[in-house]
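What follows is a group of structures, each given as structure tokens.
There are two complexes below, and they share chain A, which is joined by chain B in the first and by chain C in the second.
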Partner chain A sequence: QYVPVKGDHVIGIVTAKAGDVFKLDVGGSEPAALSYLAFEGATKRNRPNVQVGDLIYGQFLVANKDMEPEMVCIDSSGKSSGMGIIGQDGFLFKVSLGLIRKLLAPKCEIIQELSQLYPFELVLGMNGRIWVKAKTVQQTLIIVNILEACEYMTAEQRRQALAKFLGK
Partner chain B sequence: FMQRGLDSQTKKQLEEEEKKIISEEHWYLDVPDLKEKESCIIEERSFIPCEDLVYGRMSFKGFNPEIEKLMIQMNSKCKEEEIEVDDKMEADVSDEEMARRYETLVGTIGKKFLRKRDQRVLKDDDEDDAVDEDRNSNIIPSKKAKKMFLKPQD
Partner chain C sequence: DPPRPSPGDTAVLAGLYGPAEAKLSKELPDRTALEVLLRPKVGLPGVLERSREQQLRQTCEAVVLGVLHPRTAITLVLQVLSDAGSLLSCCLNAACMGLLDAGLPLCSLFCGVTCALSPDGTITLDPTARQEQDARAVLTFAIDSRERKVLLSTTKGSCSVEEVRGAGGARGRGAPRRGAGPTPLCLPQMQQCLVAAQRAADTIFQFYRDSLQRRYSKS
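What follows is the complex of A and B.
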């Protein structure tokens, strides 16, 4: 179970739109709130195009046990720096929080090995959600399966599995 | 007689007794005040700084060039701090360059004022300029010397 922490980058799913505020499901005990002004270049007239069911990568502005967590898609300096609506296509799946920690470690072998396979895009949320996008559906599913299985495979098994794909 | 006064006195006594009873009922600490220790413990709920985790958005083999630029930026933030320290050291070395440039600046500004007089000198060689003697007297021989120096080449 994920506990929202201030400053954490997470992937959220928009569940409701209540006036000027979006409700995001973050995998915690409460839905997080995201204001439409918390995007780069957003003004009252220039609203971001967010629909229910969209994926959003943002960080927590406020996250304590007494209050509803609040998210923003903007830096302290006002730049989006990669945060915001995650584009079309791609695949979202859940893994354990421990695996995310492993994957985000400074020199992660899993990611280094995967990056040599073929071009793809990866977004890791600290709430246990991973979003993958590759050129074909097959490639995307391969990456998903490898990442899910990485939790229980040893390094050797992983290299064997990857070698099969490199051979293909 | 004194009943009203007595009444007020008894009332006051009664009030005082009530206050005593109430204050005795209040619990208070008999322990000497403990010094407030500054807590040496800082609570950190996120483990991003603990393990120095990388930014969560990544792209490989040029799938999304903007995110690849971001990756370089984010990961070089750690190195940028080191680079800033080095820049400060280099700034000390460039003081010499600053001094040299300052000297040339003075020279160029000085030439600005000389040029007009040089033009006058060039136009009217015969006239004696009494106004600014030193510079002109220094320049004329030097220029003539230069001109003289050129002649053998011709």
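What follows is the complex of A and C.
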């Protein structure tokens, strides 16, 4: 199970709107809190358009065992740097925490090989959640299946599987 | 398709949930609230199940590092699939494997071993239901993996408390003390059972190691 850590970037699902704070499910023992002001360019008048069920990519500001975790979608300089509400469409799925760390390593082979297959958008959350969006639903599902199988495949098996798709 | 135990085996299915959000009434401010639910094969859980649940809970709380997850709840559900003797030690083993599988932080592992002491003094490990019935006393121990210390000790049999304490004084002599009451369980015999259980624990811990290796090597 995922344990929130300060500074980790995760994908959260909005479960409730309580006044000025959104409650996000991040896969931990309790929901994380996200203030509506923690978005780039958000003011009391200019609120972000967040609905229950939306996906948010943010980082933990406060995360320790004694307090409720708090998330923000801006970094220390106030810029969003890729964080915020994740757009429509796409596919969210769960993998093990170990695979995420492998994928986030610099020059990850899996990502490089996949990018030769189809163009796609990818968001990796340290809480084991991955969001993928490719041009068609079929392409998206192929990428999802390959990423899920990467858990147990060796590099050789992966290249064979990708070669099959490239051949097609 | 889960592996089916052969008929005549004691089998317990363990499911572990958590650390999850705890209800305000149940949450503890500095540690996790561990709850054990034991469901018998037939019928509703009764007083015996409740007492077993508390014994299992105390054993698990001794190994789980609850302080790492304050104000959370961990629920362990044990379903008895079949009972052919040595049920409590089977539950202990299932509980430990459940804790391992869930990846909870533990300070050590534990295993359960049951000893049956027959009227003529022979010790049988992991007795069947028949052997348990014929035995003079049935002892169950939960043994920890670091120094083979005892985490839980349950005795069911003809044994009066005074005799156990009295036998403690005569430990050096090793001769059974005579006294009032039904056939007393003298301490040297209890120690023999404990030593046998500690040796058996090695086999069980090796089994844990092998299962985990198999689980993480390939899907």
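The working rule: the second predicted complex is superposed on the first by the 168 of 168 C-alpha atoms of A that agree within 3 Å, B and C clash if a C-alpha of one lies under 4 Å from a C-alpha of the other, contacts with A are read in each partner's own complex, and residues count from 1 in each chain.
As a convention for this text, contacts are C-beta pairs under 8 Å (C-beta built on N, C-alpha and C of every residue); 3 or more make two chains touch, one makes a residue touch a chain.
Just so you know, these numbers come straight off a predicted model, no measurement behind them.
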item: Simultaneous placement of chain C and chain B on chain A, clash or fit; value: fit
item: A:K133 touches, of chain B and chain C: first, second, both or neither?; value: first
item: Touched partner set for A:E113, first chain B, second chain C, both or neither; value: neither
item: Touching partner for A:Q1 - first (chain B), second (chain C), both, neither; value: second
item: Touching partner for A:A105 - first (chain B), second (chain C), both, neither; value: first
item: Partner chain in contact with A:E70 - chain B first, chain C second, else both or neither; value: neither
item: Partner chain in contact with A:E121 - chain B first, chain C second, else both or neither; value: first
item: Arrangement angle, chain B at one end, chain C at the other, chain A at the vertex (C-alpha, nearest 10°); value: 110
item: First (chain B), second (chain C), both or neither touched by A:H9; value: first
item: Closest approach of chain C to chain B (Cα atoms, Å); value: 13
item: Residues of chain A that lie at the interface with chain B and also at the interface with chain C; value: none
item: Touch list for chain C against partner chain A, complex; value: 18-21, 68-72, 102-103, 218-219
item: Touching residues on chain A, where the partner in the complex is chain B; value: 3, 5-9, 57, 81-82, 101, 104-106, 108, 111, 114-115, 118-126, 133-135
item: Complex contacts: residues of chain B adjacent to chain A; value: 45-48, 51-64, 67, 70, 73-74
item: Residue ranges of chain A touching chain C (in the complex, touch as defined); value: 1, 29-31, 65-66, 151-152
